[in-house]
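In what follows, chain A forms one complex with chain B and a second complex with chain C.
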Partner chain A sequence: MMRGTILAATLLAATTLATAARADSDNFTELQRGRYLTTAGDCMGCHIGPDGQSMAGGNLLETPFGNIAVPNITPDNKTGIGTWSAQDFYEAMHVGKRPDGTHLYPAFPYTSFTKMSRADTDAVYAYLRAQEPVANEVDRNTLPFPFNIRLAMWAWNRLNFTPGEFKPDPQRSEAYNRGAYLVEGPGHCGLCHTPRNFMGGDAASDELKGGALQGWFAPNITADKHLGIGAWSEAEIVDYLRTGHTARTAASGPMSEVVAYSTSQMTDADLKAIATYLRERSAVGAPAPQPVASTDPHMQAGAAIYEDSCAACHARDGQGVAGMFPRLADNQLVQQTDPSGILHVVLQGSRSVAAPQAVTAPAMPSLRWRLSDQQVADVATFIRNSWGNAAAAVTTDQVKTMRDATAGIAMSQGN
Partner chain B sequence: MPLTTRRRLLCATALVAFSSPAVAHSVTGRLPWSPNEAYPPDIVQPGGWLFLRPEEAATLDAVVSRLIPADDLSPSGKDVGCTIFIDRQLAGPWGTYDWYYMQPPFADKPLPTQGIQSPLVPQQQYRKGLAALTAYCRDTFGGKTFEQLSTEDQDKLLSGMEKGEVHLPGLTAPQLTTTMFFAQVLDNTIEGFFADPIYGGNKDMAGWKMIGFPGTRYDYRDVIANPGKPYTKPPVAIMGRPEWNGKPA
Partner chain C sequence: MSRLPKKDVVIVGLGWTGSIMAHELAMAGLDVVAIERGPWRDTASDYNIGTAPDELRYAVRQDIFLRPAQDTQTARNSMDQAALPIRKYGSYLPGNGVGGAGVHWNGHTWRFFPSDFNLRSHYTERYGAGIFPENCTAQDWPVTYDELEPHYDFFEKVNGTSGRAGNLKGAIQPGGNPFEGWRSDEYPTKPLSPNLAQIMFQKAATELGMHPFPLPSGNISEAYTNPYGVRMAPCTYCGFCEWFGCANYSKASPLACVMPALVRQPNFEARTLCEVTKVNTTPDGKMATGVTYVDAAGREWEQPADLVLLCAYALFNVRLLMISKIGAQYDPVSNTGTLGRNYAYQTNAGSVGYFSKDVNFNSFAGAGSLGMMADDYNGDNFDHTGLGFVGGANINCTTTNARPIRTHPTQPGAPKWGSAWKRSMVETVNHYQSVGTQGSSMPYRDVYLDLDPTYTDRLGRPLMRMTFDFKENDLKMSRFVVDKTAEIARAMGASKVTTSYKKGPWNVVPYQTTHNTGGTVMSSTPQDGVVNRYTQHWDVPNLFVSGASLFPQNAGYNPTGTVGALTYWALDAIKNKYLKNPGQALVQA
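Right after this comes the complex of A and B.
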């Protein structure tokens, strides 16, 4: 009798535990955790729907292989993931496969999400399931031949992808491991900040060394002091991720969306953990080159252009105005080996992010109408080699390439 | 849908939200902004007259060179491009007063506060005025054109026009008097001498160099705390200055 009671109680407890472990849309805590992870993963950044609110997809992601249309991940049965189980979702996140067994493209960063724990993907699943279904049919086969053959991803995965959940390093602090999990897993920072090889895979030794995307260059975020965030304090990294602004720089381009949709809504503890991880992990960079001499004719032309066109905001001494106009002296973005970032901003202008904690989103005007390719090259060379900065001189070919790449995106002509 | 289109959609949504009456909204998130957005002035291209006829341009060249003669202060009005400036302005929206209300009635004896009371737009004023000047010179100076006169005669004639002592044939109130025509040409010559070189005049920023005007420079934090000391920086125009191209000033 007694044994029977104990057995029954054990069974009951086991059942309860099993239920709790499954995704449960009535579980407020799990939903909130799922919501937070969805934010940390910036799912909205790509999956935002035509309504500007749901994750009904439809955006075209530019990749070197063609455009990929982002799928609908609302729980709509026909056009979304309404029929997916938690296991299906885990498979997609963990090994990049859809329920029918076909392969997803790594523009969807399952190469990072594979590090997420089952509990976390279940929480994200539960959160996505709790959203309003939105019917939005997305053409999921937009890549040109031969990249439209999804089976090819089988071979790609063999070469470029190792599935496996994140393993904390017991030698490191809890904050470091939390940061590593966020950066390498849900945050998928490497999707942009790690350079791609010719197949679009990432090179492990170059992790977070900076990569080109969509006419920008996601800068080096290793602990390298010259090119990375090695010289940034923890508070600086936290401020940057929370508001998009520090005295040193302002988030622009794709990163401004990351701040707006994702990092500005993350907890202080998590932002500090990310800062800890980035500052303590290895530095990958290149030693600072010899700066171009200030007597170089291109530097002198650049100095004249800078004084007349840039100095009013960024100041003659390159110090900028804290929180408003980025400091250019000791600014890593402008000294990246690939000058795409500075060229993009000079040619096209930029509006940095508005975050809840810093509501003003200062903008820089486009200077493409006012400066020739040679002049843009000279002023960029000057900025990259003044006030202690040092980086290779910019060529007119680089400017011309960027001018073509950024032309006509939204040129308003009507004076 | 590409990212930029999405952004524009968001902006458009915000605009629609703002235009709905009687509902207060606060601006949150992104302000409307478009990449590459700029409204540069049209840059005057060299070569050829756009409105003036060659003989009109020759006369006007001579007029602006007497209004602003070449001397040790500056090059002449012609040499800094005042005629080109006036020609391009006449060919543009100003030449036809595109944005003015130009319907009658026009006052016969307008008060100064009534502004423009001539039905003639600048294109007509110049065409008519220059023809009258040519006719006057032909009749008064034995078939010569204005530009063929000696500089003394040119100066005398111009100051007579300014003071109302010379009446060019066919120019009458209220449409266009000789003094009105002279005042118009003088105004436009001064504008051409001092306007940004992008508009065709003020070549090499000569007008600005003459008076020490700094041009489109807009940051004086480095020099403002030097009261009484001369300002020595070179002027800069909308399209820059020679140093931008690695040339000495």
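Right after this comes the complex of A and C.
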């Protein structure tokens, strides 16, 4: 009898140990990997709490269907994910469902996170569980009818979403596959950089071709030389992700959050892997049009405005000042098919990101108050078609739309 | 009054010296709080290029300066007068807010001459003690040029200063200032591009046997990244420097050069719109315990700290010590006490040349420190035998601006109004150039600072009283150098030259310069000053003072370069000596 008890006790202990081995509360390695993946996934970018430090959520995420309040993902039992199991977390990341079975909206990029391995979502889960719980009740039903019906996501998912972990391509290098995993999985770059179809789903053939969001245009980051990053060197891409600044451009708008919270803190090897993947994958982009002739009256008016309002910083030859004021010549952002990026910056101004290795965060002022729609259109047309640049002329209607969309919004402040 | 948790360091004022102290000590791991009387300021938000070049707002209405309603001084020319409050700042304009006066300066970034630091013994040795006027209290600094050289060098690297070395490790360099002290390194960035006036000055001064060189400039000439990782862009010669914040990230300032790195430090905190009212001490007065301040809502707070750093503008450092009753007030009658002693200013004057209509200076394209200089009559670079004065002045040909509201030059003798005035202005506006001097200012027994017996500020504290006038030694020096400026203007080809000599009595109304120095002088013995050679208070070892209030007298240069060098010199002592043995005097009295 005694012997049986001991045996049972031993068995029980063995079971406990086995469980502990799977979820080791002191698993330094897993926690650190989770922390890194949380950074690579820029969870903080959306989930930052009202305290500016935790991931207690509450921000309103703008979508074409209405604003979505971002949930609390601290381990608070009542208002956060304190009661979630690792399996619950994996389900949310992998198929976009909450523990109660209801659907998440794809503003939460489970369409990308589905590519993450179970080991990686477990690591993120372990890291999130190790944070301080913060009580912050977030209203999870902010979308208007009919988008407030979460069941509708069942149909959306059938049309727009294929769950499945990332499969490396054995024909490609290790760096390429690592880059592909980061870009398509935790990095969820496509959430902004891939255009949406009318349902807000990814347009698969146009992957990373650039997309509109929040009054900005997330530019083409395919290997296209004219519109994408095809002409960027590996070092340029790494510098951009590390510091937010290169001679060519400066991260601002939503990308400044990505650099501040995420890419500036990633390893060199991973940034190089991302560069490898982006440079080696396919190029997608409309062929460069004929530039608008410099004799065009709008180009001539634009040239005069440029000289007066832009040239002091960006230089007469469009070369800018490396690391401070973006070069406009051979700058992809200003030549995107959709001119929202350049119009946003001219009308609204923008502060570039401050990263640990580039702390200055210089800003471009708003010129809204002193340039008419016609003047903004002319100077944007001039910049898009000078020094070797080529892009469609900007219309006053496009300027007016951006002026209305950005009215009353404070200048983007970077981070 | 509420008592706050103790900090390692409390800093009074967040300008040049406060931001540098805060950044370096936070990097050293200390928990630092800076308390700033004025508002938070930031280049991107407050000085963006769309709105920064606003002459009416900034130059005429003096937007970024201290309001006299918050604090002012009373002034008089001599001890037998009753001082009255300055109700509109004029002769000098104290800065306010984060960045302090470092936001609105012109960017002249000088090193004093080696002989400026042992001024009294140098002149005495060369000319005999009799060269000093009887009441002149000029004295040697307790620190040498050689000791400050590495700190001058680092401050210039933080600023990105543009210039050309004249003396590299003792070897005289062509095109630089042959009179300057030795430099361990070239300037971080090349000189600004001279304009027509500077090229003409260079030629004329050379022909007259002088040694012209480009003004060391805080408006920098090329893109630059400083040792704190902060980036700057080249100056665009927009001409909105003095009295303005720079929108181009081109003018060295705390905002452009230090704050972007400082604000990232988690162990640094700034409290703005909070005015420090008192430095607190232990009952025996031997140690500082922190400061008391009043916030914008009028609430009073006590901020305890182990180390107290006074980094406000010169005049306000002096007054804060007076109000806190730390140290002995200087009394000119009994010649006792040190606090408020050796106040000095600057002696500026010059000539204007009027040129023919085919000489177009285009001075609208300018920069605060775009200039060509000659130091042949500065410091003791010339023989003072028989001249009857000590000191000297730099000679400058600068193009700071031709901003539209205030630039209305006319020919000498033209009417002051009406169509003839307008005609004369049109004839003159692009065809005149000044050649100026910036002269030394010696201290005197009856020139000093103390608390006013009558007037108080909004909090009921006495205003500080200034007793100052230009003395004959300095006026004679100035006349001597101003005559040289007229010679240069004529040699540049001016058809007419007008010369204005400096005259007393000192008047608080017209702007002259914001180079007020002295009052908390650094000295070799406690009898001669308020702080020791490491800027540590002689009586209170955990209290350090920064800025131009440390100067025993003022040289023929703008003070900022020396203020910066002294800050890094003091930091070196705090980090490497004081903190190893805190609470102890670094120099035995």
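Note that in this section the second predicted complex is superposed on the first by the 386 of 415 C-alpha atoms of A that agree within 3 Å, B and C clash if a C-alpha of one lies under 4 Å from a C-alpha of the other, contacts with A are read in each partner's own complex, and residues count from 1 in each chain.
We take it that contacts are C-beta pairs under 8 Å (C-beta built on N, C-alpha and C of every residue); 3 or more make two chains touch, one makes a residue touch a chain.
Since the structure is predicted, the reported quantities are computational estimates derived from the model, not experimental observations.
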Check your understanding: What is the contact status of A:I48 with respect to chain B (first) and chain C (second): first, second, both, or neither?
Key -> first
Review point. Is A:A358 contacted by the first partner chain B, the second partner chain C, both or neither?
Key: second
Point to revise | Dominant toucher of chain A (residue count), chain B or chain C | key: B
Practice item. Name the contact category of A:A260: first (chain B only), second (chain C only), both, or neither. Key: first
Review point. Looking at the overlay, does A:Y36 come into contact with chain B only (first), chain C only (second), both, or neither?
Key: neither
Practice item. Based on the superposed arrangement, let me know which partner A:Y306 touches: chain B (first), chain C (second), both, or neither? Key: neither
Check your understanding: Counting only touches as set out at the top, which of chain B and chain C does A:G349 meet: first, second, both, neither?
Key -> both
Exercise for review: Have a look at where A:V321 lands relative to chain B and chain C in the superposition and call it first, second, both or neither.
Suggested key: second
Exercise for review: Considering only the touch criterion stated at the top, classify A:W84 as touching first (chain B), second (chain C), both, or neither.
Suggested key: neither
Exercise for review: Residue by residue on chain A, keep only those touching chain B in one complex and chain C in the other, then list them.
Suggested key: 312, 349, 351, 354, 359, 361, 363, 365-366, 369-370
Practice item. Note which residues of chain A are touching chain B in the complex, please. Key: 48, 50, 52, 58-60, 260, 297-298, 300-301, 304-305, 308-309, 311-312, 315-316, 347-351, 354, 359, 361, 363, 365-366, 368-370, 374-375, 378, 406-412, 414-415
Study note, to complete from the structure: Contacts from chain C onto chain A in the complex sit at residues 43-45, 48-51, 223, 225, 228-234, 236, 238, 247-249, 260-261, 264
Practice item. Would you mind writing out the residues of chain A in touch with chain C in their complex? Key: 312-313, 321-325, 349, 351, 354, 356-363, 365-367, 369-370, 413
Review point. Residues of chain B touching chain A in their complex?
Key: 1-4, 6, 8-10, 13, 28-31, 33-42, 216-219, 221-222, 236, 238-241, 243-246
